[in-house]
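Below you will find the structure I want to go over with you.
As written, the chains take the letters A, B, C and D, and residue 1 is the first residue of each chain.
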Amino acid sequence: MAKLIGGITTSHVPAIGRALARNSQDQPYWKPFFDAYLPVHAWLEANRPDVLVVFYNDHGLNFFLDKMPTFAVGAAPRYETGDEGWDLPPLPGFDGDLDLSWHLIDQLVARDFDVTSCQEMRVDHAVSLPMAVLWPGQVWPVRIVPVCINTVQFPLPSARRCLALGAAVGDAIRGWKSDQRVAVLGTGGLSHQLDGERAGHINPEFDLRFMDSLVDDPAWAAQFSIPELVEKAGTQGVELLMWLATRAALGGPVRCLHRNYHIPISNTASGLMLLEPV
Amino acid sequence: MCSPAIPGTTLFDGRQARKGYALNKMCFSFNEAANRAAFVQDEDAYCARYGLTAQQREAIRSRNVLQLIAAGGNAYYLAKFAGIFGLDMQDIGAQQTGLTKAEFQARLDAYAR
Amino acid sequence: MAKLIGGITTSHVPAIGRALARNSQDQPYWKPFFDAYLPVHAWLEANRPDVLVVFYNDHGLNFFLDKMPTFAVGAAPRYETGDEGWDLPPLPGFDGDLDLSWHLIDQLVARDFDVTSCQEMRVDHAVSLPMAVLWPGQVWPVRIVPVCINTVQFPLPSARRCLALGAAVGDAIRGWKSDQRVAVLGTGGLSHQLDGERAGHINPEFDLRFMDSLVDDPAWAAQFSIPELVEKAGTQGVELLMWLATRAALGGPVRCLHRNYHIPISNTASGLMLLEPV
Amino acid sequence: MCSPAIPGTTLFDGRQARKGYALNKMCFSFNEAANRAAFVQDEDAYCARYGLTAQQREAIRSRNVLQLIAAGGNAYYLAKFAGIFGLDMQDIGAQQTGLTKAEFQARLDAYAR
């Protein structure tokens, strides 16, 4: 059986892309952000996953309102990126893992998750920037299976439903007949709001409580409705749903090997956690 | 959909989506550089192609984010429109909050401990 | 509150489109088929629905394998048709009902159905031909909300899951704050298989038992897995999932006002039922 | 996905989908009359544009439905390919079962009571 070796949760701010394009990693604004990933580099080096399942939210590159899935699972041999409107050099694309993709899709549909399967798919900065922060050489030593959760078009799936999705993905990974080492990556958040008069909203108390909960009480955030999460974490802070799915995939108790919380990166409270199943 | 009002915040629900479809579809097209160039070259023609409402057309003309949201724009798609002008999220935040960019950045920095 | 006045289930064979284009309705091959709808015309005339929720399966007009939803709900102001590759004159398109579309989407996501919302959408013969058989003048006196269930890409949702979807749609219709009269229409099946050495497979015993079950024991078919349903009803006979969702939407006991079963129309056992909540 | 084998029947699961993507994408394009015309005008060029495998190219060349299914084709998309030649479902059924069209039609009629 495949081994689910751990989970990483991280923010995915587009501004990281500009920092990479301009080689700003060592500037005072950016250095603390990039340095926070060094312990994760060491963990990846030591634990060498073969495949990453990536929970992320598309920001209008692959999906438009004509066909907006609640949950989409990639089943493509390759996932290219795009410039997303910002004239930045696109990052290298990613090789998929079709065996794991179809195993996940089969298992999820069997457990009443009504996923949209995507045999041709582009991934946006929510996949490529975390990958580039984890592997600064931008030569990916892993294949990926993207799992996209809708945060664009309300109604969004509830926190409870995203926990259930993550749990089902975790079970499927652990039940995959393969010798591969799999990690889960969840990208988004933490608190931020780009739009409206409340633009710039950040909520450190909530974020820190949320990060604590992921270790000991992963269902904590599921007490809140989606509008309540938006009220606390901001319109884009609701991307924390990706963190919930990632945590749920790990199943039972976890050990937190590393965490970082840094304000601000762009308009965002930037967070990072590295979790291992106990 | 019945949501409690959150001050200064618009949830992009079905009501907003219905209002904003043409605008968001145009902004989605800005994923491609050729479309951004076409917009820059002839803004009127490009907007006409997507059938923007008068309110949407005016909001695009004024580059005003709050007006764009009021016209049904979604933040994720509007970010691609902002990209045409090289605006970053602090420019956009400043515009919406009536602050200078430096003031807006200072507000963000103040959250740090 | 809106009133859910009844449900119609019917086959949707593309050959009907050719018969319409060639005005073959009175030919011996077609007359029994078209005549079977006369009692339904009378019911529609007497009961005048304002909106139809249409459970159907797309055959590769609106959806391709790049983004294949398990369940998709239309939220478009208008649904046009296409020639689907067959050089037939496209039938008139349909007006949508955006209020009901969004009400359904909100309610379904709240009940953990991970639907794909479609704000721009074309509908194929599985919508247009049943509509043209119900209203031969092809002037539609109703608005529609299409609900598409995947029968193209396995894994398909289970019969049990489709029953649950239908039940949730029914609850949402009955809870819709509106004075509109709503009917449900489910199109597909009955037993047939277009592909493979078993092409031409038809299973009248199964179909008749299935039609009986819809009246008194709607969960009967849910005892079978999708491969079992394919074994019994054929690769395209699995479209009976639309009938299950339609029946489930009606909720409790129903009265069967009319039924017809006719072999063959094209390669298909053609079925028709008109059901009313008791 | 583990499915019990059903004689003469292929379930279009992930395994089939992986094999057939290029072929099905080409057949999906036949929804548009202009694409059907382009195929008819230069079949080789059209197939090359979609990157068909050798097996798929040969199955298209032979107009053989069982071969097309073996090459990953899905019945719903293949129906659009058949449409180019004006074939109906009895033509296709007859070809796959090795019957004449009249024999195939008679087999269907025999189910009637």
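The criterion applied here is as follows: a residue touches a chain if its C-beta (ideal position, glycine included) is under 8 Å from a C-beta of that chain, and two chains touch if they have at least 3 such contacts.
Only a predicted model underlies this, so the values are computations on that prediction, with no experimental measurement involved.
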Which of these, A-B, C-D or B-C, gives back the A-D interface, meaning over half of its contact pairs coincide by residue number? B-C
Between B-C and A-B, which chain pair is linked by the larger number of C-beta contacts? A-B
Taking each chain's centre as the mean position of its Cα atoms, how many Å separate chain B from chain C? 39
When the C-alpha atoms of chain C and chain D are each averaged to a single point, how far apart are the two points in Å? 25
Once you find the CA centre of chain A and the CA centre of chain C, what distance in Å lies between them? 38
Which residues of chain D are in contact with two or more other chains? 1, 13-14, 17, 21
For chain C, give me the residues that contact two or more of the other chains. 65, 105-106, 119-120, 153, 155
Interfacial residue positions of chain A with respect to chain D in the complex: 75, 98, 101-102, 105-106, 119-120
Would you pull the chain A residues touching chain B in the complex into a rising list? 14-15, 18, 59-61, 64-65, 82-87, 152-155, 193-200, 202, 204, 227, 230-231, 235-236, 262-264, 266-267, 269
Going by the contact rule at the top, pick out the chain A residues touching chain C in the complex. 63, 65-72, 105-106, 109-110, 112-121, 153, 155-158, 161, 164
Report the residues of chain B in contact with chain C in the complex, numbered from low to high. 1, 13-15, 17-18, 21
Residue positions on chain D within touch of chain C in the complex are 1, 3-4, 6-14, 17, 21, 24-25, 27-28, 30-31, 33, 36, 65-66, 69, 74-81, 83-84, 88-90, 92-93, 96-97, 104, 107-109, 111-113
